[in-house]
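Multiple structures are listed underneath, in structure tokens.
The same chain A turns up in both complexes below, where it pairs with chain B and then with chain C.
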Partner chain A sequence: MKLRRTMLYVPGNNPNMVKDAHIYRSDSVMFDLEDSVSVREKDSARFLIFHALRCIDYEHTETVVRINGLDTPFGRDDVEAMVRARPDIIRLPKTEKPEDIELIDELITKVEKKSGVEVGSIKLFAAIESARGVVNAYRIASSSERLVGIAFGAEDFVTNLHTHRSKPGTELFTARQEILLAARAAGLHAVDTVFSDITDDEGFREEVQLIKNMGYDGKSVINPRQVGIVHSIYMPSVQEIKTARKIIRAIERAEAEGSGVVAVDGKMIDKPVVDRSRHTLELARASGIYLDEIEEEESNA
Partner chain B sequence: MPENAAGRNIPSKIDGLPEIKPFEGAFQNTPLVRKQKGSRTLPRLNKIVDSIEQAVLKSGLKDGMTISFHHHLRNGDMVLNMVMDVISNLGIKGLTVASSSLTSAHSPLVTHIERGVVRRLITSGIRGEPAEAVSRGLLDTPVLFHSHGGRARMIESGELTIDVAFLAVPSCDVYGNANGYTGPSACGSLGYAKVDAVHAEKVVLITDNLVEYPNTPFSIHQDHVDFIVPVDQIGDPQGISAGSLRMTRNPRDILIAQYASHVIEHSGFMEDGFSIQTGSGSISLAVTQFLREVMLRKNFTASFALGGVTGNIVKLHEEGLVKRILDVQSFDQEAIRSIAENRYHTEIDASYYANPHNKGCATNKINVVVLSAMEIDTDFNVNVLTGSDGVIRGASGGHSDTAIGSGISIVVAPLIRGRTATVVDSVDTIITPGETVDVLVTDHGVAVNPRRQDIFDRLKTKHLPIYTIEQLKQKAEKITGVPEPVEFEEKIVGVVEYRDGTIIDVIHQVKE
Partner chain C sequence: MELIRTGKAGTLESSDVLISVRTNPENTVEIKLKSIVEKRFGTHIRELVQHILKEMQVSSAIVDVDDRSALDCVIRARLQTALYRAAGIQKYPWEELQ
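On to the complex of A and B.
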């Protein structure tokens, strides 16, 4: 099960950060060719990210490239280069309608065929950053087999709404909900927008807690220091882990014995509960919780 | 039977006793006491001389002798340059300068070496212009580099005889009681200077803050001091200490510090009552910060912190998390304030700190030390002295002293600096031998010295990115490539003495 708790922004024109962006252990790193790169540096950033992806081993970290929009002079060149560089995912900014996705899908397929990359191997993330995008969210989410997730971009969105971001985030509530619903309906991941005040750890924590409670899979982060905070909030409690283990063990036992119905502590265990338990243990492992120690503790008790 | 100066008959020989020396008068053999007892005013004795020149002349300094300084005023030091200018003007030549360390404040040394005033340097390190010049072959005799503990050993064993010590002191009375924590040029501990004050043939104190007698508590004692020179200013406060060292916001440093604190927590060496030395680098400061959280969570206190003391350590002390501080060098304003105010923030001298051949030094009692490195090789040898271009730009300091003394020695460094890898096949200059270095913590992962299987076993289940040091080197080289080796001339410009007095490495002149 792929986790996308954190997608770390890395400016595409900063070699020092690009060279080892994975060391902060975010689930994904997102090399940005779009807003963090000035018009004069678009070419050099594209070259840098191309070579980085070809040469550097980012280990288990998922690689994402945010390209420039296809309505800019740079978007198509970005697709040409990036498909050949083979990141795991291309992220399309400012997606407004399903046709945007269909167009990039087509372009990617073309380059994949030309360059001998397996067709369909490059996945897509759509970033929704406008009222129109939000209204079209489900149609966007279900427009391509390549899509694995939707990201919400709130900065452009609030401008479009004629408002600004507030601490409680009231102005984002509907959009967050719409995007999440669309993603889930289409079976995709949903990743929340960035929190830009890197000095406000408390505000950041509150926002992460909020989007986690809403059901989001994770958050885009702009500073490596935010990675640990998100992961700690997504970290299951020891009690949650213990319960999950119990359930998985019961299922394994039942499967071994060929028994169909499973109950733990007098409660029936059905598929959603099992799926949730597996997800909890996956999160625990990724959060660096010492499952062995918990097990030891359990057996001592 | 001869009559002595008191008019008594004293036999010239008494069985069972050594040679008898008859009394010659109260003042005859007590040179410091004023001889005109007839005056009705109480003796206002002092050792003040008018100028550095007077002090140099009275000290009997001659060509070819050895003089010493300390580096507690760090980059703000004015005294070494003032004294060297006077000596140079007096035409004295061929001196050995044994400063506990040399900083970028000491650029004029280059001229003094060129003019033959200085023939040889003995020091923990050199930085800036003199370091560049030495690396390019300025001196005929190689510089002798020592550790802080090694210097104390050298002096106490008599291997290094200091003819005249010129010691800057931030406060001093007319009789030579001096300390480092009061006055406009306060620097905190005078730990390195204390050894010189005790062992040098002649001791000259130079101060910009003459205070009422007795200047208690004192670090340098009146009974060791020959002359005192008041001057306008001994140092620039900006260069003496960092105002207050703030927690870094650099994510890379924070990441390394988090790994290091995780390593310490699970190493088996952090338990209630443990002891620690962290340095003043930004990673070290962050480690201290994270360890505070671990101590609070586990309800541990440390029995003591050693070293180079910073405000972070002081904070832990004042919160009751670190019971005692042993301070050979105070790095920032907070440390300077604390050594003056806190009863259990104790000043120690360099021998107490780290001399390997005394009857017990504090570094031997340390559980955990966090150290830096310019380079570390796959045998865990560490270089903190020469840069990737082979030029001297650092100091041996207490690196090798604490590495061997501690229960676990942890080197923290980014895997790549600029375009060069920190982990290499073989370091340019060995300061600390790999057999005393236990763990390397980088931003890309942690490597445990295979000699420390015990530590490896404790860490392996703790969700740390553990690699072999060879794997870390490969990770770095995949990004940086393998650089061409630096080219050197035949000439040896530096000799690195290990703390026990043996020579561990030599430094060659860099090729232009």
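On to the complex of A and C.
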């Protein structure tokens, strides 16, 4: 199971942050060639990330590069360089329509073919950051086999909406819901927008809890100290894990006995409950929780 | 590659390197290195810079390297950026770059 609870932004022209990007244990690191790099340094950031990806072992951390838009003078050269550097994912900013994804897919395929990279091996993330993008969310999400996720970018979105971000995030509800529905309908991951005030841990926790409850797989984060907070909120509780194990065991037993109907603690267990239980256990394993230890505690109790 | 102006890239921040290149009237390669790890890595950095210049077919250059413990891949990235800037080239041969 691939987790994308945290996608950590790393400014693409900062070698100190680029070389240590993975030590904070975010699920993904996203090297940014776009907004965090000034126009005068686009070339140097591109060279830096090109060589860093070919030289540094980021271990199990997923590597993502946010390139410049294909409507800028930098986007196509970013694709030429980055495909050869082989990040796991290229993230396209400001995606507004399926044609944006079709175009970048075509460009990536061309470079993969001429550089000997397996065609289709580099995946795509589409960032939706405008009203038009939200309206086209499902068409975007279903426009390419390369897509593995949709990211929501709220800063540009609220500007486009002629408003600003508020703490409760009421201005973002529809967009968050639309993007999540589009991602799920297309079988993709959904990653929420950044929370910019790194001093407001309480506000950050509330927002992470909100997007987790909505169904989001994770959040883009701008500071390493936000990583642990997100992971702790996404970690299943011991009780959730125990219940999930009980349900999976009951299902396995029923399957072995050829029984069709399963009840646990007086409640009938159907497929969605089983799927949720499996997801909880996978999340627990991926979070580094030792299920055997929990089982041992249970049997000793 | 012909250098037509001074090209600079990088910063003096930790783990980075500031590199400046320009053509050398003596028609040779001259490397001026300052590094906080020169005692241990000075020879290695000089050899790396020489090697990259050779790869990029630069035979006449004065190269100022002000190193802040940059990884080899950072030195490579900054030197290539500085060289392309100095040569006035904006179309990069990614398929050939090492």
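Throughout what follows, the second predicted complex is superposed on the first by the 275 of 301 C-alpha atoms of A that agree within 3 Å, B and C clash if a C-alpha of one lies under 4 Å from a C-alpha of the other, contacts with A are read in each partner's own complex, and residues count from 1 in each chain.
To be clear about the criterion, a contact is a pair of C-beta atoms (placed from the backbone, for glycine too) under 8 Å apart; a residue touches a chain by one contact, two chains touch by 3 or more.
Note that this is a predicted model, so its numbers are computed, not measured.
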| item | value |
| --- | --- |
| Touching partner for A:Gly288 - first (chain B), second (chain C), both, neither | first |
| Chain B versus chain C as contact partner of A:Asp77, first or second or both or neither | second |
| Partner chain in contact with A:Leu48 - chain B first, chain C second, else both or neither | second |
| First, second, both or neither for A:Tyr24, with chain B first and chain C second | first |
| Chain B versus chain C as contact partner of A:Ile56, first or second or both or neither | both |
| Partner chain(s) touched by A:Lys114 [first = chain B, second = chain C, both, neither] | second |
| First (chain B), second (chain C), both or neither touched by A:Arg225 | first |
| Comparison of chain B and chain C by chain A residues contacted | C |
| Contacts of A:Phe173 with chain B and chain C, given as first, second, both or neither | neither |
| Chain B and chain C contact sites that coincide on chain A, given as residue numbers | 19, 55-56 |
| Sites on chain A touched by chain B in the complex | 19-20, 23-24, 55-57, 223-225, 228, 288-290, 292-293 |
| Of chain C, residues touching chain A in the complex | 9-10, 13-16, 70-74, 76-78, 80-81, 84-85, 90, 92, 94-95, 97 |
| List of chain B residues in touch with chain A within their complex | 249, 251-252, 254-255, 258, 415-416, 443-444, 461-463, 478-479 |
| Touching residues (chain side chain A, partner chain C) in the complex | 14-16, 19, 43-44, 47-48, 50-52, 54-56, 77, 80-81, 84, 114-115 |
